[in-house]
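Quick notes on the structure that follows.
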Amino acid sequence: MTSPVLAATGLVKRFGGFTANDGVDIAVGAGEVRGIIGPNGAGKTTLVNMITGVERPNAGEILLGGAPIGGLAPDAIAARGLVRSFQVARVFGDMSLVENLLVPYLARRGRLAEGEARARDLIGRANLARLADAPAKTLSGGQRVLLQVAAGFMCPQLSVYVLDEPFAGVNPVIKDTILDLIATERRERNVTFVVVSHEMDIMRRLCDRITVMVEGRVLLEGTLEEVASDPRVVAAYLGKPLR
Amino acid sequence: MFSAELFTQSLIAGIVIGIIYALMALGITFIYSIVKMINWAMGEFYMLGSFVQYFLVVGLLGPDLWWVAALLSAAAVFLVGWLIEPVLIKPMFTGGIERRDDYATVVTIALLLLMRNLATALNGPYQRSPGTNLGTVMLGPLPESGARLAAALCALAAMVLFWVLLKKTWLGLALRASSQSRVGVQIAGVDILRLDQVAFGIGVGLAGVAGALLAPVFLVFPTNGVVTTTKGFEIIVIGGLGSIPGAVVAGILLGVAESLGAAFISSPYQNAYGFVLLLAVLLIKPSGLFGERMRHA
Amino acid sequence: MRSTRHPAWIGALALAAFGTAGAPAHAQEPITIGLIVPLSPPGDPTGGQLIRRGAELAVEYYNQKGGVLGRPLQLSVQDSQGRPEGGVAAYRRVVGEDKAIAVTGFFHSSVNIAVNELAKNMGVPTMSTQASAAEITSKRYPVAFRTHAIDPLRVAAWLDFMAQKGFKRVSIVAETSDFGIGLTEETQKQVKDKKLAIELQTISFDRSSTDLTPQLLQVKAYKPDLVVNIGVGQPMDLIIDQATTLGILPTTPMLVSYDAPARPQFWQLHPNNGNGIYFIAYYSPKEKLSELGEWLAKTYQAKYNEAPVYGSLNGFGDIAIIAQAATQAKSTDPKAMVAALEGGSFESWPDAKVTFPKADGPYWHNWAPPVLILHFTKPNQDWKEAEVVIEYGK
């Protein structure tokens, strides 16, 4: 691939005696949608945390657009255009949906009127318009995930969006809305996506390539068909066939 | 002996002092909600505000410009807090400290002792007052000292300004968001460490303003912050830690409870009524009137 | 001595080494006197710091003259915080660790009372500088001494004052410390015993109260002829200011129960409502000071740029008395100290001999300065020019 927009080499993360990531390499091209799958405990979220600045790597390098970001604070990384969503949706419960979306926008010193217009547009596209001014804590779990995903799109300089389990426990309507948002942003702004998920049919529809992680390392990469039929991957999932 | 006039007078007196207590409590609860720590040295920042006010009024501006001095004192205390935070508090988040609450307690108590002893050494055995030209004002049937009333009104104004800051400005949005999720707000691109610095400065600035406004009422001396700190923490428990409306409502309730209790039940136990109120609230709602059960996000 | 091979300084060094080796080690060891004073809340730090100033100057005075029993004098200053537990811990420390020969200071009565219970067993004498509750000496402990006016004297003085002025309805507003409660009860007792035609209203408040409006509204409703202000430190000032706001002052006379109005800061704090206040003082401005007293007044003025107030004078005096007791006893042993204090006669700051007789009741081991009631007749008046209304106990 031409110069990857996101590249990590040799990432290591230890928690006390336990090694969560043991030399992980990954390279994602601009405009790609990369999926990351693997059994529980494979180190997927740790990898995501290191890339997005929530954890500090013990070793290894991370480059965003060619510039090193390893060890930077999350807000510095977000400033450089790498945004993430959390498995447990981090929304600001006592603030309205519009206010929630304004936070990432105004962090870059945007203008309030523009930001509000953009937020309402995004809320509309997420089919949450009638709740735009309600406090976020009144949203259902699935709606919170949707809001959180939408919040990332408010970031004006967004170039890479890392989504950690955005489909977990979410109803099909919301899943489709998220997929629509991803598709639109990909088309209009050429945003690169990295998606961690267990939902195999969605990954089949959504991702260009899949990276499989097992026990803190990258096992292999390829299309979903290629990795799904690899015996090692099957074995890693404890012999359960992938649908 | 009950009389309607005594009741009204005590009620008004209680509300006036309650508003002032609320300002202290607001500072404590605000710092807690953003920086997730209790600043035990709040009383010393109150004391600092009162000393700055004293020197500005006596040395430079004169008692009639007390309100200008109060604004400057607030700014000065904000600045001191803003400068101290990266040295003392920031390591809690960046220094790999494991027991954060213990660290915050130790560090702020050390700061308390340092400030208090420094002030005692420099000040000597004197109590000072910037003096006031504000005479007595009648609030209904109650004659109230002009300075105390001015302090309460300015405290209200400060609370309103604070509310406007939180609800209507970008900084306020970031502050509110960070109080709900520190990680979330970082992911959104906000530099949480600089926000902490500003929040700490604002919190202690509120205590400093209280000290400046009350300088002619409670006087200026190294240990004048002690009582207001105690009241501040009582209020936090009653109103709920991290809740701003809680601080205001509980502050007024405390002032009224103490005043009415002292007038009608028994005056030497004035400070006990606040604690009775505290116990009553805790029995009914352990997290405080407006408090929420703690979630660590 | 001619030095041949060895340089002269080795000889000097040897001489010095032999010289000091011969003398007993403890001759150079300082004598420690414990000073337990309030230096932080809830105690009154002003009271404590003023006593400390006087005590430090006394140490300077004696050390200038070669110390006591050939040894330098030093203070072990401890902060009681105005709390009995603080005082007790401090006494243990100065007697147990610092080997103090006597312990003085004591501003808050509750601290002194608690410490004396411990002193009774540990044997090192205590001397109250400014704590006035009767209990401090009325239990007749051999170790308990005092150089301050006890409450019965203070109360007798102000009852005289009320009689002189014809005050019949009196409001007492007292803090709930041993000082406040003691004075209130003593007043009630003496009014009854002496069958005086005085009606009393007694109101009490917690020292840490920030608003005495509820209490003062009751005073106002009572319409007294006199208000007795028994607050110490900030409460005293709060009463004066809030009484002014409520209109009680200046029309109703107010008596402050101790000598705080004599302090330089009084007029700074009460420029508009300090005139007309009556207050207790412990020496007459017209009284002569002793040689010791004159030394103190001069040195204090030079160092602090103001005249010494009673707390400093008495702090100075107590150290001086203890130093003289040790000299007279020719020993620092606790029993010898107690005996010397009981039997001796000492010089302090006033021009009068100080003795500690084994008298009745609270007068046990007590030397009291006279109790005066002074009256400010002009704003910004120096307390030495104030009108002397009562002079009791001379």
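Should a chain be cited, it is by its letter among A, B and C, assigned in written order, with residues numbered from 1 in that chain.
Methods note: a residue touches a chain if its C-beta (ideal position, glycine included) is under 8 Å from a C-beta of that chain, and two chains touch if they have at least 3 such contacts.
Small disclaimer: the values here were computed from a predicted structure and weren't measured.
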item: Touch-based graph of the chains, sorted into line, ring, star, complete or other; value: line
item: Core chain by centroid distance, with centroids computed from Cα atoms only; value: B
item: Distance-maximising chain from chain B - centres being C-alpha averages; value: A
item: Chain B-chain C separation of Cα centroids, rounded to whole Å; value: 36
item: Between chain A and chain B, centroid-to-centroid distance (C-alpha), Å; value: 42
item: Between chain C and chain A, distance of the C-alpha-averaged centres to the nearest whole Å; value: 73
item: Residues of chain B engaged with two or more neighbouring chains; value: none
item: Multi-chain contact sites of chain A, meaning residues that touch two or more partners; value: none
item: Contact footprint of chain A on chain B as seen in their complex; value: 170, 173-174, 176-177, 180-181, 183-193, 297
item: Residue ranges of chain A in contact with chain B within the complex; value: 52-54, 73-76, 78-79, 83-84, 86, 90-95, 99-100, 102-104, 106-108, 112, 151, 155
item: Chain B - residues contacting chain C, complex; value: 6, 9-10, 13-14, 17, 116, 120, 124-129, 131, 136, 142-145, 148, 217-219, 221-224, 226-228, 230-231, 255, 258-260, 262-263, 267-271
item: Chain C - residues contacting chain B, complex; value: 39-42, 45-50, 53, 176, 203-206, 208-211, 213-215, 217-218, 221, 233-234, 237-238, 241-242, 244-247, 264-265, 268-269, 271
